Amino acid sequence: MLRLENIDVSYGRIRALQSVSLQVKEGEIVALIGANGAGKSTTLRTISGLLKPANKEGRIVFNRKHIFGSPPNSSRTASLKPHTIVQLGVSQVPEGRRVFPKMSVHENLLMGAHSRKEKPLQEDYERVFHHFPRLKERRKQLAGTLSGGEQQMLAIGRSLMSQPKLLLLDEPSMGLAPLLVEEIFHIIEDINSSGTTIMLVEQNAHLALEISDRAYVLETGRIVLEGSSQELAKNPEVRRAYLGD
Amino acid sequence: MKDLMQQLINGLALGSIYALIALGYTMVYGIISLINFAYGEIYMFGAFTGLILAATYKTNVVVALLGGMMLSLVLGVLIERVAYKPLRRSSRLSALISTIGVSIFLSTLMVLLKGPNTQGFPKLFENKVYAIGNFQITIYQIVIIGVAAFLMLALHLFVTYTRTGRAMRATAQDQDAAGLMGVNIDRIIATTFAIGSSLAGAAGVLAGIYFNAVQPYMGTMAGLKAFAAAVLGGIGSIPGAMLGGLMIGLLEVLSVTVNLSEYKDAFAFGILILVLLVKPSGIMGQKINKKV
Amino acid sequence: MRNIKNNWLVQVIGFVLVLIMTGLTAQGLSRIMPPYYLQIGFFIGINVIMALGLNLIAGATGQLSLGHSAFMSIGAYASAIATVTLHLPFPVGILLGGLAACLFGIVIGFPTLRLSGDYLAIATLGFAEIVRVIFTNMQITGGAIGFLGIKNLTTFPVIMILTVAMIAVMMWLENSRNGRAMLAVREDEIAAESVGVNITWYKIQAFAIGSFCAGVGGALFAHTTTFIQPTDFGFMKSIEFLNMVVLGGLGSIPGTIIGSVVLTTAPEFLRFMANYRMLVYGLLLIIMMIFRPHGLLGGFNFRQAISRALFLGRRIRQGAKV
Amino acid sequence: MFKPNRKVLVSLGVILSLLLIVTGCGGQSGTAGQTGTTETKEPIKIGFLGAKTGNTAIYGLGNLKGIKFAVDELNQKGGILGHQVQLIEDDDVGAKDQAINITNKFITQDKVNAIIGDPLTGLTRVAGQIANSKNTVIMSAGCTGPNVVEIGPYVFRDTLLDSVAAPATMKYIIQEKGWKKIAMIISKNSDYSVGVSAVFKQAIEANGGSVIDEEYIQDGDTDFSAQVTKIKAANPDVIVFGGYYTEAALIMKKVREVGMKDIAMVGGDGLQSEDLVKIGGSAVDGVISFAGFSPEQPTPTTQKFMDAFKAKNNELPDLFAANGYDAMMIIAKAMTDANSADPVKFKDTLAQTKNYEGVSGTITFKANHEVIKSPVYLLQVKDGKFELLKKVPVALN
Amino acid sequence: MNILELQNVTISFGGLTAVDKLDIQVKSGEILSLIGPNGAGKSTVFNLITGLYKPSDGAILFQSEALTGSPPYRIAKKGITRTFQSIRLFSELSVLHNVLIGTHVLGQAGLFHSIIRSPLMHSEEKELREKAMAALDFLGLADKEHEKAKNLSYGEQRRLEIARALVSNPKILLLDEPAAGMNPFEKTVLMDIIRKIRDTGVTIFLVEHDMTLVMGISERIVVLDYGKKIAEGSPVKIRQNDSVIEAYLGSGQFRSRIRRKETGAC
């Protein structure tokens, strides 16, 4: 469904990603784990078009459409902008939630549906409220006044409003109490089982490997390990570096 | 002080014009943090467009106003394209200097095209004076305040309730997040320039009608005052810009009332500095948290 | 060799010698140079001093000031009052002009430095407008009619000596503990504080020195034009100095000098454009910013380039040894 | 580093072509008098110093129109002393440093025989210092402030001075019209306005009038509602405004708007312009100003000038154009009389000009070569035209 | 002896309590690590110590002297320096200049001396340069002295930040995620450096996510969750602490409700 081939990204002269290749299949939950600064968020930001790969040979393909790079036997290099990528069905829940603080919960959800030209239907809201009943009570409240957990729910709910085919989640557990984390991760599973493919960046490797089908391990901008989550969870290197053994 | 009420009406009319220009400043600043020093010149351009439409093509008020707004809009978008967009990724100071370049360019261009003389505005409709109690209000004042209020209300409704308006607010709050929601940031920035410019254009035409004077350098001082108004109200805040504009207008008029008219401009800027010292983000501006 | 280079006295004497030489050269030049070019040289000198002051404020500590001409006007009027009303000698007038501007820089600096970025910019702009309005309404300055009877005391040697001295001081300052702290404030206030830099102190310092320069520039200006009015120090004048600094490369001393030279001579070079001169000037600003957003010399450091060249040489030699 | 992409280049192209179009439109405004035809003699060079852009361009361009007209006229008649006249124009944007540079350039690079300008007192003082020290005649066709001709024997002006005309005007309105309660408006940022207003004020007191309200404006202001509201409350007999026609017209519009139907405004020759009526319309009816000439009862010279100017420029000359024309013509006459274009020689002839019938009035230079225009005309706007109210002769010493 | 002490420190932002009644003692000469999930308030603790934030309640003592209310530059003068999680270098300046600015508190020469180039300034400048070069040498950056800071790699930038903080001879060094963005080799080098710094007598207070590093060099660990201290002790003790495991190291509590099917690695 999503394929990254040899993606390099740099900030100035610093190379943040070095020839990263990975893929996500339809229906999966794929996790990206690694230390802070390893390039996890950079990968997601690149997929969403907020960052541009530095190399022309790199390629990002979503559902046979080139988000970046040139298709074989074509000289035209695609480099889609964030808003077009959302329209293709790739929606990201950014790190730190980034809800629009001066807008109400309802307006935040409306923003989520921005990429669809038509007005969102009641059932779109219902689907979000089905996952996050708490948001329904707080529809009129300003997003900035919500608690951290509620903001995370709103951020995910907002992304769901665009009816994404692929949902990119950046550190959904960040700054949340363990109970809340569990709640949110169960919801993530629910979202996945109702048909949305998910790519997850998570610093809590236990959680990430438990919930995902497959995982990639990033270290200083390179993918050093990949495999099924169950295998990775048993990998001694992974256990030592990320699981605290 | 019996003419205080009269002075308030005078100030309200003047303030409405400042407020309209200030809206453009504040909207653009809210989204891309750029002080656009060319706004005063867009206001001037709007006034000249209105003048040309009314004098040469003998159009009526509505056409002159709409025409002035439309052409200013085009100019605003063109400025964004040429002088701002290529500089989006450079420092804000470069963008600032670029807008100063635009400002010098436009005012000089207008001197070359229309001469430096102040030009009167053709009478588009009969001015009448209504006496209410011991003060009076002219049709011009009613029109100025009315049109300004209408435009501000329309802008408020647009920003609050439309899809584009919502996207503009979202972009102002968090540009990246808005991009992730599918907002076309480039287009939103262009739209913001367009709306701000058309408001400045409207202010220009209204000022032309009300003051009956159009002149290539009219934008400089008006632009500075409107900028001050935007900051006073809290830059980035639309209601703040309206409030700031009205305040500066009233303040100027009141400084005349208390026999300090020679310090009129000092008053406007003095109050601005005072407000900034007490509340550095302006009257209705949000506090900016120091990020570590 | 090294001892001599580092001997303070030798350096001071050297500096004074350079100034004397400059003065003599300037004296000679002013005899042989056509007055027109000489006159442009006057304004280049004044503008270099002005722009260096602004560069310290906006370039070194990164505070956007849109009120530089206000400090210039304070210096101009103060020096004019000193030489005309109080009959003081010209050097005292220059000093008083600088100090008066410096004093205002500090007075204005303290409250306004709490503001940052664009808010500081608008506050300084407002301050400049207020200063102008006050000068327009004051008795001692002659109001709008202007200050009459200033003697033409600014000579080419005076300008040259002050310009060279100012450039030298600025370069020394940049390369001292004090100057580095200023750069740190520009680069990252929080990081600067965390290594013990008192950011408020250095911001005030930059404002004080920058306005001192402006005051000196104003004094020279007043005694060149022999007649000053509040309209000489308007908003666009502040913008002109900002243009010089940004065009040359914000924060770069050679850049600032080049920027000042270019923009002072540009009107003369563009005279052939006749009526379209200002039009072209505006366009040039836009085009410059688009194609060289960091200025002519932005991101280019003479000292660094030289030392890098030397360093490379050393490395090659060392490499040969290994 | 920014790489110029196609869009930017296209946009720049659009701007540049726009520029070219504009340049093309105004292309005819080159330097006048360079026709050079079959002349073999060195042309006489006249420098024009003034603002062609910027806030004060309005005065500079006014001057320039008159000077160009004069130069064309001179050249058609074969120039001065058989030399063609070449006008060199430079734009000082109203800035002192530029004025200094240009004056130096005129004298040392272009080697002009005389400079006309700047219409602003401040710049004339600055340029006058230089011109005088380098023995080049400079004549301002617009400045009225003090300390100008005192600079030295090479500095002249041909404007009607307030010190003479303003008292006469005040005497007339107070003693003959009986308007004693006076509201004054002063434009605080204009040296002209502050200067003439001081003379007005002195004259008001000397003639038994009283200033019951004093309001301040600034040149470039457009909203005068606050000041006018206060003036209305003070209920004066007349408004005295020393300033320029733009502000005067706008003030009068407001004055009529608030219901002061019959009150008159009295001012200096700064009010003299077609634009006063163009901007003010019927509101400026009744405005009184002093002037060096009367457009309604012009001398034949003035009439001829006005007709020819109108035919050429499609507008009536304003005060600055008339003064500019006279400045050029007086200089030409002095050169002819002295039989030399050398400033050192013709400056003395120039200083002896007596009763020269210019288009802007009758010009005499006093012993200290300060200008005197006599008689002074008091004019009043009636139905959109300046009409003669009174002729006041002035002592020539 | 406690060199640094946080007593009952609390701070909240807009109703959200970021640090809640926190007590931490840093012993002189030790390596103490502060760990916890992202957003637990670790960096906030550093910002409180260095004076960037003012606590709404509680006190911070440095060598038994209250720091609370002192501006950051004074705290740095007292001998507390730090690095930042999101690297904060003077990015347009050279590597050497970055470290020279780090020597700021050691110098005396003010504006006057700078302008007249006094002998004091010269000798001091020489001394500071030597110190700066020594610090660069120590962190293996000596050959990059003329490079602009922004052109260094992540790892080098992290080391440069340490050099800048270290050059002023602080008594305590606060390192905020020094290993972020480093590769395993660089991490081992870093561990070495940290130990060496400690051996010169500098107390190290560390925020870090990399468990290998934390467990490898810390003498004591404090675990923060939701702004509260949930555990404190030696690495061995912390590793076995249930609440730590649950909050941070991963609870193992969370069980996928849907049995994930085995998928082969691709």
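Structure notes:
In order of appearance the chains are A, B, C, D and E, and numbering begins at 1 in each one.
In this text, a contact is a pair of C-beta atoms (placed from the backbone, for glycine too) under 8 Å apart; a residue touches a chain by one contact, two chains touch by 3 or more.
Quick caveat, the model's predicted, so the values are computed rather than measured.
Shared contacts of subunit C and subunit D, meaning chains that touch the two of them, come down to B.
Comparing the centres of all chains, each the average of its CA atoms, the largest separation from subunit A belongs to D. Ranked by distance of CA centroids from subunit E, the top chain is D. When the C-beta pairs in contact are tallied for A-B and for B-C, the bigger tally goes to B-C. Centre-to-centre separation of subunit B and subunit D, using mean CA positions: 34 Å. In terms of their C-alpha centroids, the spacing between subunit C and subunit E amounts to 40 Å. Each chain gets one centre point, the mean of its Cα atoms, and the points for subunit D and subunit E are 72 Å apart. The distance from the centre of subunit A to the centre of subunit C, with each centre set as the mean of the Cα atoms, comes to 51 Å.
Those residues of subunit C in touch with two or more other chains are numbered 136-137, 190, 275-276, 278-279, 283, 290, 293. Within subunit E, the positions touching two or more other chains are listed as 52, 84. Multi-chain contact residues, meaning those touching two or more other chains, occur in subunit D at positions 2, 4, 8, 12, 15, 22, 26, 53-54, 188.
Of all residues in subunit A, those touching subunit B in their complex are 48-50, 81-83, 86-87, 91-92, 94, 98-103, 107, 110-112, 114-116, 158-159, 162.
Across the complex, subunit B is touched by residues 58, 64, 111-112, 114-115, 118-119, 121-123, 125-127, 129-130, 133-134, 136-137, 190, 235-236, 239, 242-243, 246-247, 250, 275-276, 278-279, 281-286, 289-290, 293-294 of subunit C. Listed in rising order, the residues of subunit C touching subunit E in the complex are 6, 8, 11-12, 169, 172-173, 176-181, 183-184, 187-188, 190-199, 205, 209, 251, 299, 304, 307-308, 311. Subunit C makes touch with subunit D in their complex at residues 34-36, 38-40, 43, 46, 136-137, 143-146, 148-149, 152, 221, 224-232, 267-268, 271, 274-280, 283, 287, 290-291, 293. Of all residues in subunit A, only 12-15, 23, 28, 35-38, 144, 147-148, 171, 173-178, 181-182, 185-186, 189, 193, 203-207, 210-214, 219-220, 226-231, 240-244 touch subunit E in the complex they form.
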